[in-house]
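Sharing a structure, written as structure tokens. Questions coming.
We call the chains A, B, C and D, going by the order they appear; numbering starts again at 1 in every chain.
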Amino acid sequence: METHSKATVCYAMVIDLDKCVGCGTCNVACAIENNVSVPPPEALENRGLTWMRTQRVDNGKAWPDHRTVTVPIPCQHCEHAPCIHVCPVTAVQLDESTGIIGQIPTRCMGCRYCMAACPYHARYFNWFDPKWPEGLQDTLNPDVAPRMRGVAEKCNFCHGRLDRARELAAAEGRPAAEPVHYTPACAEACPHGAITFGNRLEEGGPIAALEKKPEAFRLLEALGTAPKVTYLSREPWIRRIGLSRLDRVRGHGDGPEGA
Amino acid sequence: MTLDLTRRSLLKFMGGAVVGSVLSPLPWKLLDDAAIWTQNWSWIARPPRGPVSHMFTTCQLCPVGCGMRARLIGASFVSAWPVVGDPAAAGTLCPLGLAAAQMRYHPSRVRGVARRARAAADPAWRIVDADATTGELGQRLAACRSRGAGDSIAIVDLRPGRAMSRLYREFLARQGGGIYATAPDAWQASAAAFAGMATVGALAPAPDPARARTVLNFGAPLTAGWRGRDIVPHAAGGPRLIQVDPAATITAARADRWLPARPGSEAPVALALAHVLVFEALAADARVNALADLPHENGSTLRTVLADFAPERVAANSGLTPAQLRDTARELAAGRPALVLGVGDAGGGPLGSEEEAAIWNLNLLLGAVGPDGALGVRPADTALFDEPAGPAARSLSDIPDGSLDVLLVDGSFPGVPVSAEQLRRKLRGPDGLLVALSPYAGGAAGTPADLILPVFAPGEWVEDVPAPALAARSSYSWATAVAVPAPFALHPAEWLAQLEAASGLVVPPEGGKSGHEAELKRRAGVLQSRGSGQVFDPADGNTTDVAAMSDPDLLAGALARGARWSDKATLTLADRDVRPLGQGGGLAARWRSLAGGRADAAKPGATGSLLLMAGGGLAPAAGAITAPVLNKLYRESGLQPGSRQLAVSATTARALGLAEGKSALLTTAHGRRRVKVRFDNSLPPDVARIAAGPDPADMGDPAASADDRTDIPDLCGAAERPVWRLVRADLQEAHDGNA
Amino acid sequence: MDRQLIQRGLDRTTLPRFLLWLLPWLLLAAWGGTSATQLFRDGLYHTNMDNRFAFGLWIILDLAIIALGAGAFFLGFMTYLMRRHEFKQVLNTAVIVGFVCYSGAIVTLAIDVGQPVRAWFAFWHANVHSMLTEVTFCITCYLLVLLIEYIPIVLKNRRLRTVPGATVLEFNLHKLMVVFAGVGAFLSFFHQGSLGGMFGVLNGRPFAYREGVGIWPTTFFLFIWSAISAGPSFIMLITMIVQGVTRKKLVDDFVLSRLGRLSGILLSTYIIAKVADTVVWIMVTLPGKGFDAAEFYRSDMFGAWVLFLELTVFGLLPATILLNRRRVEKMPWLIAGGFLTCFGVAFNRFVFTLQTLSVPTMSFDRFMIYWPSQQEWGVLAGVVAYGVILYSLSFRYLNLFPRERELQTTTGSN
Amino acid sequence: MLPTAYEFHWDTGHIVFLGIFYTVLAVVLSTVVVASLRARRDMNKRRESDIAWHESFAEMSTERRTCRHEFDGTFDAKVCGHEFACGNCEQHRALAAAGGGDETTREATLAAAPAAPATPPDSRLYHRGHTWVEARTDGTYDVGVDDLLRSCIGNPDRVTVPGVGTRLMAGTAVADLQRGHVHAHITTPIAGTVVAVGDYEGGRLYRLRPNDGKARLDQLLRATEARVWMLRELELLQARLTRPGEALALADGGELVDDLMGAYPDADWDAILADLCLEP
């Protein structure tokens, strides 16, 4: 994995689709942790904010051969991220020391170029003024700044939790250079343990091992974006969802159908 | 030099000033301030500030009662997280629980005693004077009591077994024989069906999938149901899983064997499997075989009844092949200890007692009951806590329609599948008063109510949480108070005492808030004095044996810190306590009537072209109160289809002339509802599924709970029949603007 | 009433009739103003864009009008630097059309961004690697240049030229116009290009992504080329429309023909480049990204006809018409060729914006369609109306066509 | 954008990109500044009328920019390249030195010309803005409006002439003849100080004394040239006043109709008078 040579930390995520049952716990945990607001009831489809989107994908066949998989799609934190270099206001940044691609909402001017650039549709726009029902501000997480209308936002591997973990490490007197271990909200909440998160550069760590498994695949690998989110499945048809539309159909007979 | 101020010199001065200020730090300071201003606006929500702390409690949003770590910023309860190692639900939390912190600020929360005139043109909730309302209600109770009609007062307790439940029962006893009722959900109904087959009295069934090598599961979704996490698929180190499921769900796909039985054919399928076990002599052993020959009414035995359910005969209506049924039975027999679960879909209401009986029988024949079986028993809650016998709990459906003057519904539980229509039918005409003790103007209690008493929201008070029905072991914990209570919220026990005083009675010491607290302490004391079981401490993850606890108050102290007591092992049920064909008889006849399938046996409306399955939602009841953030599941990701979406396979929909996303009218014999057609090719032909969950269009918007809406349970006839998970329905494209 | 403001000898209609002509455009502008107010006040949820359709009507509008406004810089370049003085006859029109296009685009962009008060962050926190930064810088600078080019035209207003300083300033600015023409050409070259580059660099969007030539993708050059092919045609069409509406002869016919032919020459070379680029995209770029061009042309909305239309009906056809010396002298041919060229460049921008977003990237994505909301149409109408109003005012009160008076006297028309 | 902004880096991208940007900005702004400074300099040098005349001359139609030596027959067709500043014209100086062109051709041209309706008196010199100058013995000059302009405007409603003592610059509009909403701005043919005000009816507008004692008369047309020039002007006027298919009827027996404005009320007199007075 070609990556930032000097860095000793590169956070990555592995999602085992054979364990995922599509309960949506990750979505809710993410929203609770990151103060992701709820659009008003009249909002159109595709206007919501879900840093962790869960997409239902099926094999295109009819009952009883029909099979479904749910694919949680957070920001893929690509090594060659299409969103960074397009942002005119430097609001999207790669943290070289962690590999996390951050979004600075207070700088974003809302041009949405990054959203057009992202092939994973992992970026969301605040179409509405984020309004919270009365009193609900009291349940917001102080570690994550709430956003305002008109800016883009996305998963940042729970950067707020990373900051807390760093504070804790500093308080415990651990050296700053030492890699910090933390768990994003989705990984903590997943009731089926489908999400593994960690430092892929850690020797003998779980991420490095999982990423090398034969059932590992990434979404749209041929694009060359090199996502840091890896998926696992033993099912061949599920592994093919990472291909492009025609490649998935061609030679395999499984018609793709988003659901 | 003269000072001659001309316009020209003034302009020059101004020009110079402009140029000069550009060279000063002023414009850069202004730019900087402008940049800061555009980034920090006063109207951006401000999270609370303060030191971070954690408290441990138990989730009160569903019967499972998962352990919960509450994160507090200062005094604000900001989020809930799972407790690693907690015995309930393997230390996980579902989306409902994760969003528990938001429940206190739900938009539909009632901020005072609220009343509405349902008949009026404007049935909006109005805040009324609390004392006057309680006084009026007390006089009503007094009037009922004085005319000897104590049974025209009832309390429906949606979560029986709590300390509060005991307070309700005692209150009713003092009111001259009021009715204490429960509305059993799928689990409670299943446990009740088991009790009908076994002379167990104070024992409840305790199936333990962890002890089974094979699990046969009738329809319970692993995806979103409450039971899902108990059953880990074989591939992940769990038991072999055989899933009976009409749809090609994720659970079905993950299972080691999938039986795509037609909806409603659960009972015949279970009986056909039992048939194979008995007639191929695959049953556990001679001891178990003897069960099949226990004599019953008219000389019939289980063996003679099962003779009618040969796989060849059942296959036709179940959509399965005889070979599939025989192979499954053999697989079960070979894979002992095996366990058959029949809870089904938590959102879809109970399976019928016939299905449950067939399933429990299958368990018996597989030797699940016995020292080596996966099905144990545990003490019922009342027995566990040495409660004195009060008025017996009745099922809501057993209360005659039109018989109640005052019906109190404990709605502190925001969503259980109870039919609003059914509740209202129990009232005596328009004068009957339905009183909800509920934090919300919605949900099972708030939706049909005339009067809402704004009780504490989850997390605002200490309440006890007994083990859910069908739990493998008894357990007990307290939902500790992690949040500052809302100033307008009432303690249910305290209000009950006020009501009692208003009805002219003297409140005994075991009533009121102090009575509730005393009962909690008493229960902790009883458990400690029993000396069995262990206590899980969420703060450090350690487990301590109760027997090792010396101080008599230790358990109460641990519970107050969010610890969970659980029993170590289940009890074994003796063979002689079991009667396969039940206590009252008639089961054989009812089984035969279901040979064609549940939906066809349903009395009215058996003419529809579609089989409508209700259920599959995370929140169990339509109109249930769920946190605003649950919108992520219901609307933004579409993971939980709402109750306005009807799933059908593309082929079926096209045969009906319906395209995806089209608006359609769904009609059953019990009502109709406007739905949006959603293609779901995991469903078999001619089967439609509707979620008995919240309607995404109504999420976070209490005003949208209009009266003209048909709840899914009502649409499926829940007010008229106990089993409403399946009904015949028609679907046609909707052309007009209103349903 | 306003006679004193109208150039002597120019026949302009009466003020009431002029106001009557403006009325519908003012109404459209009011619609645009209302829409913009709503959008600024409430946010972008009034649009029909969503997280998948992050760009919509406005970006198409911006790209199209900036491409069509390319006549301003290109004719300035031809007149001042290449010394083709015949184009001086339409240069004022080109400047005003350019000004309208660029200022309209900037206004639309300001409405389009979610945080207009932070729009200046594009300068303050500029990410120099972003094509959009290049676009922002160049468009803003070029608008400044256009404003400076506009000033002399305004200063020649009958009333203003009685102010002695105005004429002197106009005279001195005009003497240096070659500098502005040069700077304008430089800036336009880069922003037309970077608008194309905006799409070409989307390495996550195979439909838009193109191979690089130097530090820019091929779309960078194709957008410049298509813009300068359409620019002269658009100025030609506008001139013809103005001639038609006012029923006056304003420029010599040969100027229009030359504009058309200029378009034709550029368009024919552009089409060759575009075909080559498409072939490389289909044969090399897409397979390298794991995609097949066929999958982009499989929806009901975007079939292979899109590509066919762009290359033939909007490419080869107008190129053949406009290249022919005899045809460009016949007005119907000229109009047809010019219109197809202009529509073609707008269509190209439409395809790059909308189809890029509507075609799926991941295998389970769906083709999506989008229809703008009333407010989005309102802003479009407002921008068009603003252009018509500004041009009408300029035409009435400024001397846009140097040959107008002479052509009027010689033809004797009124 | 500035090194002071947060997260600005001194890397190649920033240096190249911002370098180009600031260069462009500098070029544009400095060009504007240069133009403004030049404008200021011109204003200080009181060149505004020269520049205005320069602009106006460029906008005049070709036939009105005819060289005076076309009138005397020296050239068949020649457009003035010196904005009528004959003193700056090499050719004119040469011709003037040689006696004003080839006398034979000149006489022939003059003979060929039909009798002008308003024959200019020989004692006057004519300015292309339809004014004349007549030298007086005391070194002052009378300035008046020629007959063509007079017959166009007829009886003006209002005549504004500069008061006594006003210093006039050559080539600037100094007097105003107004009829209805139409103005004829009269340009003074020579510079000087007004010493007396005449009356319009008498044909003389004002009397000037040149500031440095001597008036520049070299660019003014002599009567012989003016005769041809006037005919051409009349032709142009006729073209302007005649609707297609209508008979030409400007002159009445060798004399111009007195009140053309009254006779042709529909014509664009604003433009015609501006043309005659060399206004843009």
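What we mean here is this: contacts are C-beta pairs under 8 Å (C-beta built on N, C-alpha and C of every residue); 3 or more make two chains touch, one makes a residue touch a chain.
Just so we're clear, the structure is a prediction, and the values are computed from it rather than from any experiment.
Comparing chain C-alpha centroids with the centroid of the full set of protein C-alpha atoms picks out A as the closest. Interface comparison, C-D against A-C: more C-beta pairs in contact at A-C. If each chain is reduced to the centroid of its CA atoms, subunit A and subunit C end up 39 Å from each other.
Our note on geometry: subunit A versus subunit D, Cα centroid distance of 77 Å, whole angstroms. Put simply, the C-alpha centre of subunit B and that of subunit C have 61 angstrom between them.
Of all residues in subunit C, those touching 2 or more other chains are 115, 118, 121, 124-126, 129, 133, listed in ascending order. Counting only residues that touch two or more partner chains, subunit B has 39.
Shared interface positions of subunit A, i.e. residues touching 2 or more other chains, are given as 43, 48, 55, 90, 107, 129, 148, 257, 259. Per the contact rule defined earlier, chains pair up in contact as A-B, A-C, B-C, C-D. Subunit B makes touch with subunit A in their complex at residues 39-41, 43-50, 73, 76-82, 89-90, 92-95, 98-99, 101-102, 104-107, 222-224, 228-229, 235-236, 247-251, 253-254, 260, 618, 628-633, 635-640, 649-651, 679-685, 697-701, 704.
Interface residues of subunit A facing subunit B in the complex, by the touch rule stated above, are 18-19, 21-25, 27-29, 31-33, 35-36, 38-39, 41, 43, 48-50, 53-56, 58, 61-70, 106-107, 129-130, 132-142, 144, 146-148, 188-189, 191-192, 257, 259.
On the side of subunit B, the complex with subunit C involves touching residues 31, 35, 38-39. Subunit C makes touch with subunit A in their complex at residues 42-45, 48-55, 109, 112-116, 118-119, 121-122, 124-127, 129-133, 136, 198, 201-206, 288-292, 294-295, 356-357, 360-366. On subunit A, the positions that touch subunit C within their shared complex are 43-48, 55, 57, 71, 78, 80, 82-83, 85-91, 107-113, 115-121, 123-129, 148-152, 219-225, 240-248, 256-259.
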